[in-house]
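After this come two complexes, each holding subunit A, first together with subunit B and then together with subunit C.
Showing the complex of A and B:
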């Protein structure tokens, strides 16, 4: 509560973004959106390749958002946001990989 | 016209059961009584400005605790009804359908609407005081969390008299919980009640993580925090990552039921097993979410009443944090019998056994803290000492269950029931009681009668063993969970009778506690100095109950157990820490938006349950309007001027 900001203007201090980095981020995210769109609309690749491509683009998009807009790189120490992010990714991986593992062994039932 | 109304009412209200009719009448009467009292004493405005709109963490904590004790009462009555039904073979006290509803609501209420809010109540009251802060990081969100929990819980609870209770078990496994198995409204009440309160729980988790990381008093390093704060941090980190899984899983179930999707159905490519897999990814962390803070409470109490520093501070921190991490890797032990094959079962059996190790470490820490201490057996300390053997046994039966091949015998038998009640009652409930007794003087400024508290203690403890030890044996004799009756020739009656007697002993214990509170209020004696137990941590350095702003000056922390060290220094004749001049204190303003927004959520949920879009959509619009209103309100804080602080402090400390 001590950290509340009553005065709107200094709420944006220390975010360390520059016009340049925002523009680059914006371009990256547009390109990463357009590539899968073009590939899908024009049937450029087969099904597996398309899926892989979409997944890869999605992961890159995630990284771009984090770096250019969420400023994950500029966080001061201790880097709680980064830690939370890594923990979240570990849990996510566990959920997906764990479920696939458990459920494939379970195919007898379905 | 009249016929139509009658028809509607008979669908709307649950009818045809004398027990429920009795409940409906008594609920109606108590509502009328409450409204009458509030109106007669002109207390509506007071209720609104002092409580419903409050963003003060201490008041929110008290509201959490009151709500959870009411829920403990309802869950407890459910339990006694079940125990009566099982006391003799072939009883017809509760018929099968009613029995199913009661064990379902009992489970949901006890974990989600009793244990969780009692835990949040203690978080709210204790954490800011222990870290020397003036409130939590997001006071508005805190109030919103409480009201979301409250209205979610109410939505779940009304199903008892309106629409019909859920009856598919506390985790609502499909296909039983799908439309095909549960066409009634009960399951929808379940989904919406838990979803709404779940958002509140998630927000509380985030709020306390931020509070602990960002709002500690100047000088307090992470490794100087009281152990309870560490346990809250570990529990809240677990909440942050576990609750989204619950929300998504229940949302998928909702899509199945509401829009005819096929995530967990038997047909259309769905797989019910997937639900079981997902729900336990939340479910297992959840049991650790509720037990970790209890570990923290015991650590505080043990060191206060042994007059010693906690033994092995670092190992305790390490144990807490590693449990919160590893609790995400054991979930499949809840469905060893699903048939996932030997590799899967072996892996999860191993992780389950491993997580018992950090738990064991803590037991030794408490024992070594007590070793050669000057132990004082106050009620909080008694609960702590009783907890240790109880939890050790509960943990060991857990390890027995984690032996996958053996679990094919134990699974879903009364052995399992006995295990989890032993860790939940002997661990979680005893722990929170210990915390409630310990911090009671801090919350309310008076002490509880120790004698009655000891009666309650003995009734709870003896009742517990009488009730649950026979259930281990019953499980091994083949009695499965969730049966509403059994044949005479099974030979289960004697042990069941003993178990029921134990349940009623615990019921009596609850009455002792109510009596204890009432008695202590009647013979109210203001507790003069804020340090009721000669405590060690910062909450004991301020008056009881704490003033609105908690600390007139933010404490300057230099060591672990800072208040204890300060007292030692003063006793040794050294000068106390110099007092900085008072400054105006920045505080958040009360707000009615959390309450109103939660009412809107309730409305939306109720509308979806009945499939009344005319009700659900305005409810959701209300939610959106509240969010907008909050986004555009700038007048959300104020300063308490120095002279007001001086006056308050003089009044509080003047009685000394």
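Showing the complex of A and C:
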């Protein structure tokens, strides 16, 4: 993304990803959606294995969108966008994992 | 932080100083700073969805003897909307490519396709919600359904907002053409759209796939 701003006026030059990288990203995201679907719909694995597998697929899908579509790797140093993202993910994991951890020991009501 | 950013952007501006001159360099600093600002917004949105996901996961068994997700969720429609949103993420990327080629018509066309796919996604979601309410799972039925409608509905609202924004941007593009400012706006909305796709993947995985397991 930063690349557009960097080069600015000398347009017509391809930057910020090419058609090829978008197509590869799209194919990846399709495959990463179909795998969990097939596994869940056909009960191929036990519950724990399925949960782990589909979560891993979702995280990979996130990485594909970030790299092929959001061009996080193209950012010039210093990578403030990436740093902000990592900071956000740390907070995200703290909130989600923390909530689950706390509430697991609070199952009296259920 | 802000100082550091403008310094770095200054370094970027240095690249085109040879051809563009000082004024343009300043302009690009502004635009790249705005991109960074949008990333910060996305981070706050990550945190917003994080709290909603945390709530949902914690309340996933609290159906209060009412309808359960396994009984009511129909995966077929969800699979269709997932592929619609995935495709729209791709088409918004093509719009950016067309923009970089300087093709205004192509840009508006692909944005329109993206918006159309987004609208069908919202339509399918509204239909699904109406079906759920009809089956007796409204937002007040149980803690589970409250968390469900809040999480999925917040994502749907984001998509709807993105649609309004995209239509406004298409109008602006048709009037002003591709300028550094409209360029930045297209880059930002495509970033937003990819982000919503990522959020949906997690909704799809955690709410729907795990809900029917």
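By our rule, the second predicted complex is superposed on the first by the 87 of 110 C-alpha atoms of A that agree within 3 Å, B and C clash if a C-alpha of one lies under 4 Å from a C-alpha of the other, contacts with A are read in each partner's own complex, and residues count from 1 in each chain.
By our rule, a residue touches a chain if its C-beta (ideal position, glycine included) is under 8 Å from a C-beta of that chain, and two chains touch if they have at least 3 such contacts.
On a predicted model such as this, the values are computed, not experimentally measured, just so you know.
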Next on the checklist: Touch test for A:26: subunit B only (first), subunit C only (second), both, or neither?
Outcome noted: second
Checklist entry - Which holds for A:80: it touches subunit B only (first), subunit C only (second), both, or neither? => result both
Item to check | First (subunit B), second (subunit C), both or neither touched by A:65 | outcome: second
Next on the checklist: After the superposition on A, what does A:88 contact: first (subunit B), second (subunit C), both or neither?
Outcome noted: both
Checklist entry - Which partner does A:52 reach: the first (subunit B), the second (subunit C), both, or neither? => result neither
Next on the checklist: Is A:101 touching anything from subunit B or subunit C once the two structures are fitted on A? First, second, both or neither.
Outcome noted: first
Next on the checklist: Under the stated touch criterion, name the partner, subunit B or subunit C, that contacts more residues in subunit A.
Outcome noted: C
Checklist entry - With the two structures laid over each other on chain A, which partner does A:37 touch: subunit B (first), subunit C (second), both, or neither? => result second
Item to check | Residues of subunit A contacting subunit B in one complex and subunit C in the other | outcome: 1-2, 4, 6, 80, 84, 87-88, 91, 95, 98-99, 103, 110
Checklist entry - Across the complex, what residues on subunit A touch subunit B? => result 1-4, 6, 80, 84, 87-88, 91, 94-95, 98-99, 101-103, 105-106, 108-110
Next on the checklist: Quick check: in the complex, which residue numbers of subunit A touch subunit C?
Outcome noted: 1-2, 4-12, 14-19, 22, 25-26, 29-30, 33, 36-37, 40-41, 47, 50-51, 54-55, 57-58, 61-62, 65-66, 69-70, 76-78, 80-81, 84-85, 87-89, 91-92, 95-96, 98-100, 103, 110
Checklist outcome for this item: In the complex, the residues of subunit C that touch subunit A are 4-5, 8-9, 12, 15-16, 19-20, 24, 28, 31-32, 35-36, 39-40, 42-44, 46-47, 49-51, 53-55, 57-58, 61-62, 75, 79, 82-83, 86-87, 89-90, 93-94, 96-97, 100-102, 180, 183-184, 187, 190-191, 194-195, 197-198, 201-202, 204-206, 209-210, 212-213
Checklist entry - Any idea which subunit B residues touch subunit A in the complex? => result 133-137, 139, 213-215, 237, 240-241, 245, 271, 273-274, 277-278, 281, 325, 328-329, 331-332, 338-341, 343-344, 586-588, 637
